[in-house]
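In what follows, chain A forms one complex with chain B and a second complex with chain C.
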Partner chain A sequence: MSAAKSRAATDARGDGSFLPNLGKRQAYGRRWAAAFAAATIAAVLVLGALVASIVNDAFGLVAMEYTVDPATLAPGGDIEKLSDAELVAALEGNLKSRRLRALGNEKPLAERERADLLALVEDEVIGWEVVETFSLAESLLGRAKVDAFMAAEHPEAKLVFRSWVNARFLGSSQSATAIDAGVRSALIGTLMTILITLATAFPIGIAAAIWLEEYAKDNRWNRFIRVNIYNLAGVPSIIYGMLGLAIFVRALEPITSGAAFGAVADPTGANGRTILSAGLTLALLVLPVIIINAQEAFRAVPRTLRESGYAVGATKWQVVWHHVLPASFDRVLTGAIVAVSRAIGETAPLVVVGASTFLTQDPTSVFSKFTTLPIQIYQWTARPQEDFHNIAAAAILVLLVLMLSLNAFAIILRNRLRAKKRFA
Partner chain B sequence: MHETFPDARTGRLSLAKRARPVEAAIRGLLSVSAAISVLTTLGIVVTLGTESWGFFREVGILEFLGSLEWQPVIGDFGIWPLFNATLTTSFFAMLVALPLGLMVAIYLAEYASDRVRETLKPVLEVLAGIPTVVYGYFALATVTPFLRSLLGTELVGVYNTFSAGIVMGILILPLVSSMCEDALSAVPRSLREGAYAMGATKLEVATQVVVPAAFSGLAAAFILGLSRAVGETMIVALAAGAGPKFTLNPFEPAETMTGHIVRISGGDISYDSIDYRSLFAIALVLFLVTLALNSLSRRIVAKHGEVYE
Partner chain C sequence: MKRDSATDPFDLAVETGETPWALETKGMSVDYGAFRAVKDLTMGFEKRQVTAIIGPSGCGKSTALRAFNRMNDLIPGCRTEGQVLFHGADVYAPEVDPVRVRRWIGMVFQKPNPFPKSVRENILWGARINGYSGDEEELVEGSLRQAALWDEVKDKLDKSALALSGGQQQRLCIARAVAVKPEILLMDEPTSALDPISTSRIEDLLEELKARYTIIIVTHNMQQAGRVSDRTAFMLLGDLIEYAPTKELFLNPKDERTENYISGRFG
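Coming up: the complex of A and B.
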C-alpha cells in the first residue's frame, strides 16, 4: 500500500519520471514481440523443412550397375532406338530358355507391345541394380563429392539423375526391389476404399445431422447422442482399427469377405480383411466429423427460411428437403470432402484392420485384399534400405497431390454450388 | 382427383394430425442414422471390454498394472514399459507444442495484422492436414539423422522416443495454436482497452490480461493436444522403436502403447490368442486415458469458460 502510494507520488511529480520503468518495460515488450513472431516463423519453417526433406529424397542422383552392358545391345547403349524385332532378338539372345518359355506362355514375345518389350529388356537383360542413391541436395550442391565417392567406390556404375516419381512408379505394383516398385495397386486401393467410405459415411452422417438439428427434441437420449458424437470425434484412430478388426473383419466376415453373396472373387483368401472392411472402418472414423460439420451448416440456415416453408403448409421433411438442404448443401458437401480427404491419409486403423503387407495384384472387387498409399509409405519407410526411403518419399508426394486435388475439388465445388444456390 | 382425404370429402378443414407414413418412415430412418454413433461407441466399449475381460482372466489385472516387463513370449504382461514410452513421447510433444503453440497463438491473436493472420492461418491448417505417416517419415528420415549428427551417434539411437516426441509436438502444434487463438480472440476488446488505459504495454496486456482471461480455453487446448499425443500412432510406430522397454532415457528406443498395437496387429496374429487379446487390453487403457482427457477438456470449457457479453 505504501509502496503504491509512494510510486503514485513520484509519478505525479511531473518531472518526466512519470512511469519510471517505461523504457525498460517497452524494451521487454519488444523482445517478447520478436519472440512471438519468431515462434510463428519457426512453425512455418517447419512446414518448409517437412516438404523440403520429402522433395530432397524423391529426386536425386542414382548410381546403377548392370549385368549386361546396354552398349552391347544398341549403339551408345540407347535401347529406345532398337526396333521391336531387335528387342525380341536381344531377349532371345540373353535370357535362359526356361525364362523365355515362361514369358512365351504368358504371351508370345512377337505379340507384345513395344513398351512391354522395352521394360523386359531393361529388367531381365540389362538388369539395372541400384548401388547407391543420393539426395537432391547432394546431387545439386555436392556433385564433386558425389563424383569422387563414385570413382572410389563404384567405378563401374552409371550415374543418372532420377525422379523417383515417374510414370512407371505410378503404373507398376509392389515389388521386392525399390526401383521396380510402384504405387498402382495402392492407388487403386486408396480410391476404392475412399469411395466406400464416402458412400456410407456421407448419407448416414447427413441423416444423423438432420435428425439432431431439425427433428430431435431436447431430451436425455438426444443430449446423450450429441455428447457421444463429440466424444467419438476424440477417440484415437487406432481404436477404430481395433473396432473394425473385431466387427467387420471377424464378426461380419461372411459379409465383408463376400462369402454371403457367393462372390468370393479372391481365391487368395482375404478372410474379411478386404477393401469393404477398410472402407467401413474409415466410415465410422469420419462419421462424427461429418455429422458435426453438417450440424453447423444446418444451424447457419436462418430460421425464417424454415418458417416460410411451414407457412405454406409444408411438412417437416418437405421443409428439410426443399429449404434447409439446398440452402446448406455447399457447406455440407465441402466439409464431408475435407473430412474424407483426411481419411485418405489414415494409416494406423488400416494396419490394424489387416492391410496386406505385400500385394502385387490390383484389387478386383471390394472383396479383394487391400493396400493403400499410406500403408505403402509406412512399409517402405520402415525398411532400412536407402532406396526404399526414396520411393517412400515419392509415394508421399503422390499422396499429398491426391489430397490437395481433393481439397481443390471441394473448393471449386463449393463455389459452383454457391453460384447456383437459390437461397442466399 | 388423385386422393380423397377425409376433410376433402366433408368439405371441412380439419386441424387434426393426418397419418403420413412416408414422413414417419423418413423420421425413423433419420433417428436410426443418429443412433449409429451410439452403436459405434457401444461397439468400442463392448469389443474392448469383452476381449480385455478374456485377457484379464488369464493374466490378472494386478500384474498388468504392476509389472515393469512386457514380454509376451515368456508370459510377462506389464503395461508400464509401453505406458512409460507413451508418457515420454507425449512429454516431449507437449514440450514443443505448449510454449510454441501459445506463442504462435499470442502472435496471431494480439500482434499480427489481419493480412498476416489471413495468410498464416491457412499455412498452419495445411500443417494440420498432412497425414501422420508423413510426419513419421520426417521423424525417421530427417529429424533423427539430424539429431545423430548433432549429438553423436553413440548417444542418439536410430530409433528413439525423443525425435518421435519432437515431431509429434510439431504435429499437434496447429491444433493447439488454433484452439488457443480462438480462446484469446474471444476475450472482449473492452478488457484490453481497460488495461491500455491504465498504461499497460502491449506485452503486459497480452500476458497479464488476455492470457489469464482466456485461461480455461488455453487449458482445454493443451489437454486436447495431450490427448492427441497419447493416441498418435504412426510417428511412434516408425521412429520410436520396436520392442517394449522400460527406460527413462529418451535417446533409447522404446515402444509406445499405440506402436505396439500397430506392430503386432500388422504381423500374422492368430485370433483367440493371448497376444491378440492383450492388444485389446492396451487399447482399453488408451481409450480410457483419451476419454478422460477429452472429457476434462470439455468440462473445463463448460464449467470455467468465462462468458463475456
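Coming up: the complex of A and C.
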C-alpha cells in the first residue's frame, strides 16, 4: 500500500502504468560498470605479471667461479687496467703451450687488438663459469638466504649482480655457454627479415587495397575475394609456414637460395632456408591484414572529398593519387607497421620454413641462413640450464623493446602525417 | 584555347552550340536499384540563366542534378536512362568519357568541401589536371575574384583552405569550379549549410556568375529560388510537375500541387 503511495508521489501525473524505477535502473548500470572495471583490472594484472616475470629472470645475482683468480693478474682483479704487454704476459704465463701455439698460428698475440686480448684473458685464463643464478626477487628480497646458500654450496664463488641484457649480450652471437651467448645474429636476422616483409607486403598490400576499394566492381567474384581476404587474416600462422616452405623454400629454391644469381659460392650446398624465404613467408602472413587495414583507411575517406575531385574533371586515378591516398596514408602506414610489428614475434612459420637454431655467424645477405629473436628465445627456453632461461628473458626484453619502438615510430609518423594533412 | 581533341563531341558542342538550350534532358529516368528516383524528365535549361529546381525532400531534384554531369555514375546501383544533351551532344552516349563531361559541367555541393590543401592549390589543382598551361597567378586571382573571395583571401593564398569560414569555403568551391572554365555550374543546395549572411553573399554572386555560366541550382528554399532564378522547375516524387519563368510559377501556378507547395501547405 505504501509502495503504491510513494509511486503515486513520484509519478504524480502518471496513471500508474509507468514504474518510476530510476534507482533500480541506475544500480543495474553501476553493476555492469563494476564488471567492466574488473575486466580491465584483470587484464592489467596479467600484463603486469608478464612483465614482472620477464624482468625477474633478466636481472639478478650470479655466482661465478674462476680457474685463475683475477686478483693474481691485476691489483683488485681489474684486468681492464692492465697494459697490452701485461695481457700478453698473462696469457703466456697461464695457458698451455699447445693452446698458445694454436692462438699464435691464428694471429700472433703481439699483433692482436686490445679488446681481443681482454676477451682471451677473460675466457681462457680466468675462465669465468656460472655455477648458480638467482632471480631478481630472490636477489633483492632474500639476500640472506642467498648468502647462506652460497656459503654452504659454493664458498669459493664470487657473487655479482648481473643484468643479463648488456652490451656484450647485444653484441655477441650464439654460444654454447649462456654467459657468452648474445642476440646479435638473431637481431640482425629479425631486422633483415622484417625489412623484406615490409618491402614486399607494403606495396603489394596497398596496391591490392586500392584495386579492391576503388576499382573493383561490386560483383559476386570480387565480393568472394573480399570475404576471403578477411578469412585469410584469420588463418593460423603455421599454415603460412607450410605455404612458405612449399613455395619459397622448395619450389623457388634457385631464387631464394641465391643460386640463380650466383650469390652463393657453392651452389650445391645452397638451399632455400634463407632470410629471403623467411621475409617472404611473413609477407604472406601480414598481407591480408595490410590489405584490410588499407581498405578500411580508404573507405574512411569522405565521399565528398572524392566528389569534389571528380567535379572539376579529374579521372579516377587522379582522385585516388591526389586525394584518397594523401587523406588516408597515415592510417594505411600505421596499420602496416602494426601488422609488421606483430610479425616480428612470429615463431611457428619460421620454424617450418627452417630457421637455424644454432647460428654463430651474422647473416651477410638475404641468401644467408637465418635465425630470429623469437626462434632464439624459443630455443633458449627449451634448454635445461638455468642461465639459458636468464638469457631467454633478456632476449624477450630486447624483442619487446624492438616491437614497442616500431609501434612508437608508427604513432609518431601518424601524428606527423596528420599535422601535415591538416595544414598542407 | 587549345583542345587536346578536336573531335570530342563536347568541345564541338561548346564551339558550335546551335541549340537553344545549354542543357536539355529527353525522357531521363534515374533508378537506384529498383527505386525510380527521377521519372521521365524532359526539360531544357536556357543559356546564361539561373534555373532553380525546387521540391520537397526526396522528390529527386538532387538526383536529377547529379545525373546532368554523370556524378551518379559514382554511386553503385544507380542507373540513368534517356538522354541528357549538352549543347546538343548526349552526355550518356557510349563513347563519351564522364570525366570530359564534368570538365564542362562543374558542380558545387551542399556542404563546402574544399581540398585539404592551400587556397591556391584548391584553385590550381583542377586546372592542372586538365592540362592548363596559362599563367597560374592570373587564374588564381581571376577565379577568386569571380567568386567574390579575392579581397578576403589574397593574403592567405598559401594557408589551408580548411582555415576559412564556412561561407568562404563555399565561395572557394565556386572559385574552384569556375577555374576550369566550365559552361554550366550545377549547385546542389549550396547554401543549406551556411548562415544567412553567407547565404546572401552567394545569392548575390549568382547574379554575377550568370553572365558567364549557365547555372542550375537545386534548393528546398522557395524564397531563395524566387530571389535568384529566372526559371523554376517544381518536382514531386520524381516527376516534373511544373516548369515556368520564376515569377509566373510563384504568382500564377498552373498545377494545384505547385500551388499547395509554394503556399506552404506541404513540404
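Everything below uses one rule, namely that the second predicted complex is superposed on the first by the 367 of 424 C-alpha atoms of A that agree within 3 Å, B and C clash if a C-alpha of one lies under 4 Å from a C-alpha of the other, contacts with A are read in each partner's own complex, and residues count from 1 in each chain.
Basically, contacts are C-beta pairs under 8 Å (C-beta built on N, C-alpha and C of every residue); 3 or more make two chains touch, one makes a residue touch a chain.
None of the values given here were measured: they were computed from a predicted structure.
By the touch criterion stated above, A:323 is placed in contact with chain C alone, chain B being left untouched. Using the contact criterion defined above for the overlaid structures, shared-chain residue A:307 touches chain C, although it does not reach chain B. Shared-chain residue A:176: touches no atom of chain B or chain C. Legend: residue contacts after superposition of the two complexes on their common chain; A:419 is shown touching neither chain B nor chain C. The wider contact with chain A, measured as residues touched, comes from B rather than the other of chain B and chain C.
Of the two partner chains placed by the overlay, only chain C lies in contact with A:218; chain B stays clear of it.
In the superposition on chain A, contact of A:315 is made with both chain B and chain C. Applying the stated contact rule after C-alpha superposition, one finds that A:47 touches chain B and leaves chain C untouched.
Chain A uses residues 315 to touch chain B in one structure and chain C in the other. The part of chain C that touches chain A in the complex is made up of residues 69, 71, 74, 76, 99-100, 102-104, 106-109, 111, 113-118, 121, 125-126, 129-130, 160, 162, 173, 176-177, 179-180. For chain A in complex with chain C, the touching residues are 218, 302, 304-315, 318, 322-323, 326-327, 421-424. Taken in their complex, chain A has these residues touching chain B: 19, 25-26, 28-29, 32-33, 35-37, 39-40, 42-44, 46-47, 49-50, 53-54, 57, 203-205, 207-208, 210-212, 215-216, 222, 224-225, 228-232, 234-239, 241-243, 245-247, 250, 284, 287-288, 291, 315-317, 341-342, 344-348, 351-352, 354-355, 357, 374, 377-378, 381-382, 389, 392-393, 396, 399-400, 403, 407.
On chain B, the positions that touch chain A within their shared complex are 20, 22-23, 26-27, 29-31, 33-38, 40-41, 43-44, 47-48, 51, 99-100, 103-104, 106-108, 110-112, 120, 123-124, 126-127, 129-138, 140-142, 170, 173-174, 177, 199, 201-204, 207, 224, 227, 230-234, 237-238, 258, 261-262, 265-266, 271, 279-280, 283, 286-287, 290-291, 294-295, 298.
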